[in-house]
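Each chain carries a letter (A, B, C and D) given by its place in the written order, and its residues are counted from 1.
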Amino acid sequence: MKQSLFEIMENTPLTRDVYRMKLRGDTGDITRPGQFVNIRIAGLYLRRPVSVCDVEGDILTLIYKAVGEGTRKMSGMTAGETLDLLTGLGNGYDLSRAGDAPLLLGGGVGVPPLYLLAKELIRAGKTPRVILGFNTESEVFYENEFRALGCDVMVTTVDGTYGTKGFVTGTINDKPYTFFYTCGPEPMLKAVYKTSKTSGQMSFERRMGCGFGACMGCSCKTITGSKRICREGPVMDKEDILWED
Amino acid sequence: MKQSLFEIMENTPLTRDVYRMKLRGDTGDITRPGQFVNIRIAGLYLRRPVSVCDVEGDILTLIYKAVGEGTRKMSGMTAGETLDLLTGLGNGYDLSRAGDAPLLLGGGVGVPPLYLLAKELIRAGKTPRVILGFNTESEVFYENEFRALGCDVMVTTVDGTYGTKGFVTGTINDKPYTFFYTCGPEPMLKAVYKTSKTSGQMSFERRMGCGFGACMGCSCKTITGSKRICREGPVMDKEDILWED
Amino acid sequence: MGRLSVDLCGIGLDNPIIPASGTFGYGYEFAELYDINMLGTFSFKGTTREPRFGNAQPRIAETPGGMLNAVGLQNPGVQQVISHELPLLKKCFHKPVMANVSGFSIDEYTDVCAMLDKEEQVGWLEVNISCPNVHGGGMSFGTDPAQAAEVTKAVKAVTTKPVIMKLSPNVTDIVSIAKACEDAGADGISLINTLLCMRIDLKKRAPLLANGTGGLSGSAIFPLAIRMVYQVAKNVKIPVIGLGGISSAENVLEMMMAGAACVEIGAANLTDPFICRDIIRDLPAVMDKYSIQNIKDITGGALK
Amino acid sequence: MGRLSVDLCGIGLDNPIIPASGTFGYGYEFAELYDINMLGTFSFKGTTREPRFGNAQPRIAETPGGMLNAVGLQNPGVQQVISHELPLLKKCFHKPVMANVSGFSIDEYTDVCAMLDKEEQVGWLEVNISCPNVHGGGMSFGTDPAQAAEVTKAVKAVTTKPVIMKLSPNVTDIVSIAKACEDAGADGISLINTLLCMRIDLKKRAPLLANGTGGLSGSAIFPLAIRMVYQVAKNVKIPVIGLGGISSAENVLEMMMAGAACVEIGAANLTDPFICRDIIRDLPAVMDKYSIQNIKDITGGALK
């Protein structure tokens, strides 16, 4: 983990309330796709956790949805401003388990961390199949970016206004896969857990006090005992998950 | 009183820790020298009161010393940023009592409100004598600005490194005057109160909750009863003052 | 009856927004800024039997997310309030007003309440019991259920107007105080008053406020107020007025969901004199966002 | 002996900076970030007899100038702390450490303290009495002087190490609790623990934390902590550790002038993991500004 200042290079809307922010800074501690950063925002007490979407040299890409006070403040920031980030947080996805035909399932703002994952899988010589789920056409983002990487991309929308109508789980078993990686809202993770036919890894969200293991704010129960989402997570093995309700 | 946004046009140091800030905005409620504005500063709960140093059309000039969190934050602001101001606060000096030979006595950051006062007195055909007191040479500011207005200016420094050595009260009775106006730290006001030979008006500072008469945070006892420094003040008649210790 | 209307002890309010005592004077300063008749009502400056200058200077200090005050109940005394302030108030405000009463003995409370009871424009008496009881050992009336009940009973005996007991948060068990007031006949409860705090002047190595301690108000105390309103609303049947750190329409909804029938807004008026006007303006859109048709329906929505 | 050194119950500290329990784990996570041997000491995560998972999710909420937590004393239980955590701690920290102990009955306190008493590296026992007494009606041990005294006496009987009683701010009269602990033999007092608060989720119309209420920490409570430390320090002779909302070297000086012999820093570690290191670095220059030669000389400087 590192604490350092990043300079905003770009902050542009991808949809009505989803933004992409590119920052320049010390990315040295970011070692795996699926890790996250924790962002200090002036006027707010707690930092805000956001997944790493991409890293290229000293350029870090984040994609976030403006949902509350913190992310709304972020959406108003402009190039040249600096942000205090904790980087290198969380375990990240384990690429070694991908097998030959990995499947990536992203829902809404669960899509971003899969981008760096896809990139690394392709670098490792695999062609991931990617299913991106959104509510409606106007919310779709990053389809082309995944395609440009060379992935086999499919988009689903709940209302059918774009791509295939339905949830990502509707088409999950259309083609065979060796392992799955997913990130998205918890109901989607549950559905993937139930429908998936292989082992896999899922990334979770929790309200966080620190983001680096000090406060026990983010603990969850798993098959192998209590784990901190910020440290032993956010990525959990399918086999380890204990749904609490 | 008005609440409105002002745009910073300029924010430059006059000495090591005294800054002049020029702002553009709705100055319509500023009617008298000696009034003040109350400034909202992001991250701080209470506004910060600062005297009006000058108004020309929609340009407001403030001079402030960086002493604590709020004024330090102000000193880091740059042209183009906006500030939320309450304007038109306080009673201001009463020009009608000046007589033919008004005397202006300013100490440190008590100097700024006297500038607009001097300007208005000159506009009314009078030539004020002005004594500006500072601790030491490096803290002196606005001597030339007062001279440029056409005032008869004298500077005193406590350590004698510039102008006349001593306090403003050391030279107060060197020439005759019809009325005095003063602003500065409370020990100076007390000294002026004791040494002065005519009637006069003095401007006070108090920690303020609101700055516009709502909280009773700034009350002081006077000969004619309790008064709010922010509303019935900050300018008080010499005859009305009751020193509390 | 609009979407914002609520009821407080049988008197209808156009909306639940009430500037809090001590932060809105007698209304006429704010009437220069906007038409204060848009408010639900307001609670005027705490009134005592004799005129009080209040505490020595300084009386105000800044804290993270809030402010301390040790004004010390400066007010011109009940006679002057009736003869001088209420006539001025009447000129700019045409609704029932809330009279905030303080006292240092039971007698003082009853004397002041009896006099304000005769004033037609006074709709409610809000009885602030956070002052120390000078005849009862100096402990605040509001920190002991028995004393709180005694004030309530005494005041109820001298007025026919609804009596709202205003509670202090500086207690171990807020529910026991609220219940004691309810059992003694209170028509409503308002809470919270300020939280007793202190700042120290590093240069002087002494408390910053001349009084030593002061009361904390502002955003910092909002979550404390929510907890106490929630606990009290769960345990009493009379209406609760929620206050403490409210500064937005969202805060108003949160306080009402915690159990408040309406809300008061204090320190926020001091840093943003138009805050009550703006909150009233913002409420309908924020209610739409959370699918709230009539605001009165959400009172206590979060109580389980 | 440097300018920053202080004494805590007979054990010297290189400086008065102590990360607070629950915000610094068992130290080894922070040891990856900086050399934690620069600290005065630190207080490790609250330890109970049995392992505890703690409360359901969510456990964390943001508030103006602070945060709520309802972690619920998650810890692996005293046996695991001794067998697993303390050996890890020993590898990265070479000074006496403060053991923070919690309990839901007198027996639990004494069992845990007796076991930790045998650990050489434990310098002080910090006994957190803000948990409810499950055998005594559920009221927190820390809200009643008699119960606070009972815990103190029981713990003192099973250990020879200095016992520091950690007080809850959720009380009417903090001085009476502190004095009861002192009279029962406590060697020191630390305060404040978190302030009981609540936030409500507007979408769900329910408390945001699964537990309903949570404890407020962070800057928002700093002036409350200053007031309580001031009042307690004025009335007890044993050393007081001041904490609550400290996040700068200036805050440290203010807390010590209010009467603290040394300070703990809690929530600030969570949002700025290097805060303790930075405060230790900043202190000498800030002391120069206020003409302070040795920091221990300012303890209680503002008490009259």
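The criterion applied here is as follows: a contact is a pair of C-beta atoms (placed from the backbone, for glycine too) under 8 Å apart; a residue touches a chain by one contact, two chains touch by 3 or more.
Quantities reported herein were computed from a predicted structural model and do not represent experimental measurements.
Participant: Apart from chain C, how do the chains cluster through contacts, with nothing moved?
Facilitator: one piece
Participant: Compared with chain B, which chain's mean CA position is the farthest off?
Facilitator: A
Participant: Please report how many Å separate the Cα centroid of chain A from that of chain B, as a whole number.
Facilitator: Distance between chain centres, rounded to whole Å: 56 Å.
Participant: When the C-alpha atoms of chain B and chain C are each averaged to a single point, how far apart are the two points in Å?
Facilitator: The computed centroid separation for chain B versus chain C comes out at 36 Å.
Participant: Indicate the whole-number Å distance between the mean C-alpha point of chain A and the mean C-alpha point of chain C.
Facilitator: 47
Participant: Could you tell me which residues belong to chain B and also touch two or more other chains?
Facilitator: Correct list: empty.
Participant: I need the residues of chain D touching at least two other chains; which ones are they?
Facilitator: Expected reply: 63-66, 219.
Participant: Assign the assembly's chain-to-chain touch graph to one of these shapes: line, ring, star, complete, other.
Facilitator: ring
Participant: So which chains end up touching which?
Facilitator: Taking the chains two at a time, the touching pairs are A-B, A-D, B-C, C-D.
Participant: Give the list of chain B residues in touch with chain C in this complex.
Facilitator: By the definition above, chain B touches chain C via 1, 3, 40, 44-47, 86, 206-210, 212-221, 226, 244.
Participant: If you look only at chain B, which of its residues touch chain A in the complex?
Facilitator: Touch list, chain B to chain A: 42-43.
Participant: What residues of chain D sit close enough to touch chain A in their complex?
Facilitator: Those in contact with chain A are residues 22-25, 29-30, 32-33, 45, 53-54, 56-67, 69, 71, 74, 218-219, 267, 269-274.
Participant: What residues on chain C touch chain D, complex-wise?
Facilitator: Contacts found on chain C: 61, 63-66, 68, 143, 170-173, 195-200, 202-203, 205-207, 213, 216, 219-224, 226-227, 230, 245, 250, 253-254, 257-258, 290, 298, 301-302, 304.
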